[in-house]
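Here is the structure we will look at.
Here the chain labels run A, B and C in written order, and each chain numbers its own residues starting at 1.
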Amino acid sequence: MVLALRGASVVLFLILWEWAARVPVSFNFPTPWATLVALFALLGSGALIQATLTSLQSLLLGFGAAVAIGVPLGLVMGVVRPIGRVARIYLDLLIALPTAALIPLVILSFGINIVSSAVIVFVFSAPFITMNAYGGVRDVRPRLVEMARSFDVSWPLLFTRVIFPGALPMILAGMRLGLSRAFLGLIVAELLLSPFGLGKLIMASRSMFEHDRMFATVAWTLLLAGLALAALARLETRMLRWRP
Amino acid sequence: MTLEPAHDSDLGPVGLVAVAGLLLVWELLGRLDVSIFLPPASRVAVAWWGLITDGTLFRAASSSLASLVKGFLSAAVLGVLVGLAMGRFKTVRYLLDGWVNALMSAPLSALVPVLIALFGVRDTVVVATVFMFSFFVIVVNTLTGVRGTDRSLVEMARAFGAGEVALFGRVYLPAALPAVMLGLRLGAVQAVKGMVVGEMLISLVGLGERLIYYGNTFLITELYAVIVSVLLIAIIASQLVQACERALVRWK
Amino acid sequence: MAAVMSAQMRDAEAPSAEPVGIAIEGVSKAFGPVQALVDIDVNVRAGEFLSLIGPSGCGKTTLLKAIAGLMPVDAGRVVVGDRVVSGPGRECSVVFQDFALLPWATVQSNVEFGLLLRGVPAPERAATARRAIAKVGLAGSFEQAYPAQLSGGMQQRVGLARALAVNPQVLLMDEPFASIDEQTRRVFQDDLLSLWSKERKTVVLVTHSMEEAIYMSDRVVVLSPRPGRVHQVLEVPLPRPRELRDVRATADFARLVDGLWQILRKLQ
């Protein structure tokens, strides 16, 4: 029954799409079939793969840095309370800030190259990763810490056996959120920066009025992001097998 | 998935000191000429004042805010309705939750070119982007709120003879309210982000356009001024929703 | 004159509803492959105080819900008064173990809840609720408080007030004192008994406390472990009113509790 409903919603979506393409809502709308054809053409010509690899470079650099810096930072914030209380104010500001506003500044500072994209990806994802790591440490059940202390546990052991595992669910959730934000930032950056990756392909297709290619690239991008997030979610489940 | 622990992001005395400290460091680094891309806070303040007095800021901000309000209000109304429907009716939930979950973590910026193809290069695209960015967060939080209703309250109400309508209005809805308000608060912040992204990508009007313009023309202090303005809008929007929340949810 | 009189009449309390008996005939209930209750036959006399007790999983709460009309039965039927139970009805009121108070409503609003659902107009609702609040001993300063501000015992009193406000003939209580500390519990038990002696209702109390079952009831029904059947029905011939005598200190009481324990022990 569930499957039927989900399937039905997909079918409904395709029908709506087909209808939108035929009705002259806007002469720019390709049909689902045209999009599919364009997708295979792009894949065949290698353009899509090339763009994907370029984009992934920036993504991995930026996201990797965000995790490498954000998680430890969040942990420190959670453990050393005064640091946490102050730093979280800056983090709150960064999270509230429409990060896209920083893109022109980053481009000016670093130029139009992969470093800029990586920095943008970093700025988009790091605050969320840090905040979640911080929250994870703070939300560790005090009762568990108390219990460990009653056994006169040493600090390193307390951290590795109680605090870190306790914070792990939120850390992983933060990484998933960070990855989604990373993709978001990447795409905005590339749509604006243009010489690179998937964003460039989208803009190029649009300026040449090849809307079927544009749609195909957009769909591909969304699919890519979806797969990456699903993979991360799978990893998360494996690492948190103990959860009820 | 919700973005952060549901605490009140109030500044308080620590907050004000922290922000003051930040401004101080900013001023110092700027004076030390660390980079031409880091002007001192005082010069940014001057540029900001300039933008206010010559009307640029108000012109851009009013266009931005108009799109923001239109997009956010429609997302709020529709989002809560859809969330309520999904929370209450399994059929609706199974029909839509795949889409909602997928789109909530999707890079929605990738859809902006599609919107441009649909509407052309106009501010409607911005309204649609604002809507997109905030809609899903609101739906998910509303849905979680409804589904999280304490089962024993539902049973109690049924024991006292509540029918479907009474159950919905007197149990599910009030129980979901805190979550709905959280969703609206997060949605407001997301809406401002959407506003900026949309405006930057169509580069036609509003604060987003100003960001692109000042970036292209190397007007660094003005660029910073707009960035701060946009941040302030996000904070004010979030605080407004929080104020509503405090007024409506007094029992926690 | 007429206006004053009708106002007085409006404010005058409706007479307490006459209690009715409950006939549980051949009731069985299964949840999927799990058989919770099998062939339950119990006759609760009108105005009687009856307890349901048994080991965990014996289905006592399920049985209570069946009487309340919150759960359909697979076989047999439940008759409350002269109505065959097919859904929640006006004769019964339920008091819940976790209080089930609406956290966003004041004490006053919570007590009015059942009346609200029955379409009682606002002024009458408020007056009736206030009387119920007074009956459970919370009058004066708590009407505008929220549940989160009250202790467990006080919250349950609100739950009881809500149940009483709709003037039921049958009171169904699902381990009402389980979440309350023992000292508060004893006071509450005595208050309940004193209330019951003034306004006779048929009471069915689900409990896991043997002391409580013996102290409060006229009869105790012991259910066997899953699938729950009626294992035994004990008479409790202790004199009433029990809250005014130190019943717990008597030898008879101890003997009855021990007797119940011996039965339950063999069932574990």
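Operating definition for what follows: a contact is a pair of C-beta atoms (placed from the backbone, for glycine too) under 8 Å apart; a residue touches a chain by one contact, two chains touch by 3 or more.
Just so you know, these numbers come straight off a predicted model, no measurement behind them.
Undergrad: Of all the other chains, whose mean CA position lies farthest from chain C?
TA: A
Undergrad: Name the two chains that are joined by the greatest number of C-beta pairs in contact.
TA: A-B
Undergrad: Closest chain to the protein CA centroid?
TA: The most central chain here turns out to be B.
Undergrad: I'd like to verify one number: the distance from the centre of chain A to the centre of chain C, where each centre is the average of its C-alpha atoms, in whole angstrom.
TA: Spacing between the chain centres: roughly 54 Å.
Undergrad: For chain A and chain B, let me know how many angstrom lie between their CA-based centres, rounded off.
TA: Roughly 18 Å separates the two chain centres.
Undergrad: Between chain B and chain C, what distance separates the C-alpha centroids? Give it in angstrom.
TA: 49
Undergrad: Can you list the residues of chain C that touch 2 or more other chains?
TA: Residues of chain C touching two or more partner chains: there are none.
Undergrad: Which of the residues in chain C end up touching chain B in this complex?
TA: Going through chain C, the ones touching chain B are 68-70, 88-90, 92-94, 96, 98, 100, 102-105, 113-114, 116-118, 146, 148, 162, 166.
Undergrad: Touching residues of chain B toward chain C in the complex: what are they?
TA: Going through chain B, the ones touching chain C are 150, 152-153, 155-162, 166, 170-171, 174-175, 177, 249, 251-252.
Undergrad: Contact residues on chain A for chain B in the complex?
TA: Chain A reaches chain B through residues 1-2, 5-6, 8-10, 13, 25-26, 28-29, 85-86, 89-90, 92-93, 95-105, 107-109, 128, 131-132, 135, 138-139, 173, 176-177, 180, 183-184, 186-188, 191-192, 198, 202-203, 206, 211, 214-215, 218, 221-222, 225-226, 229.
Undergrad: Would you mind writing out the residues of chain B in touch with chain A in their complex?
TA: It is residues 1, 3-5, 9, 11, 14-15, 18-19, 22, 35, 37, 91, 94-96, 98-99, 102, 105-114, 116-120, 189, 192-193, 195-197, 200-201, 208, 211-212, 214-216, 218, 220, 223-224, 226-227, 230-231, 234-235, 238 of chain B that touch chain A.
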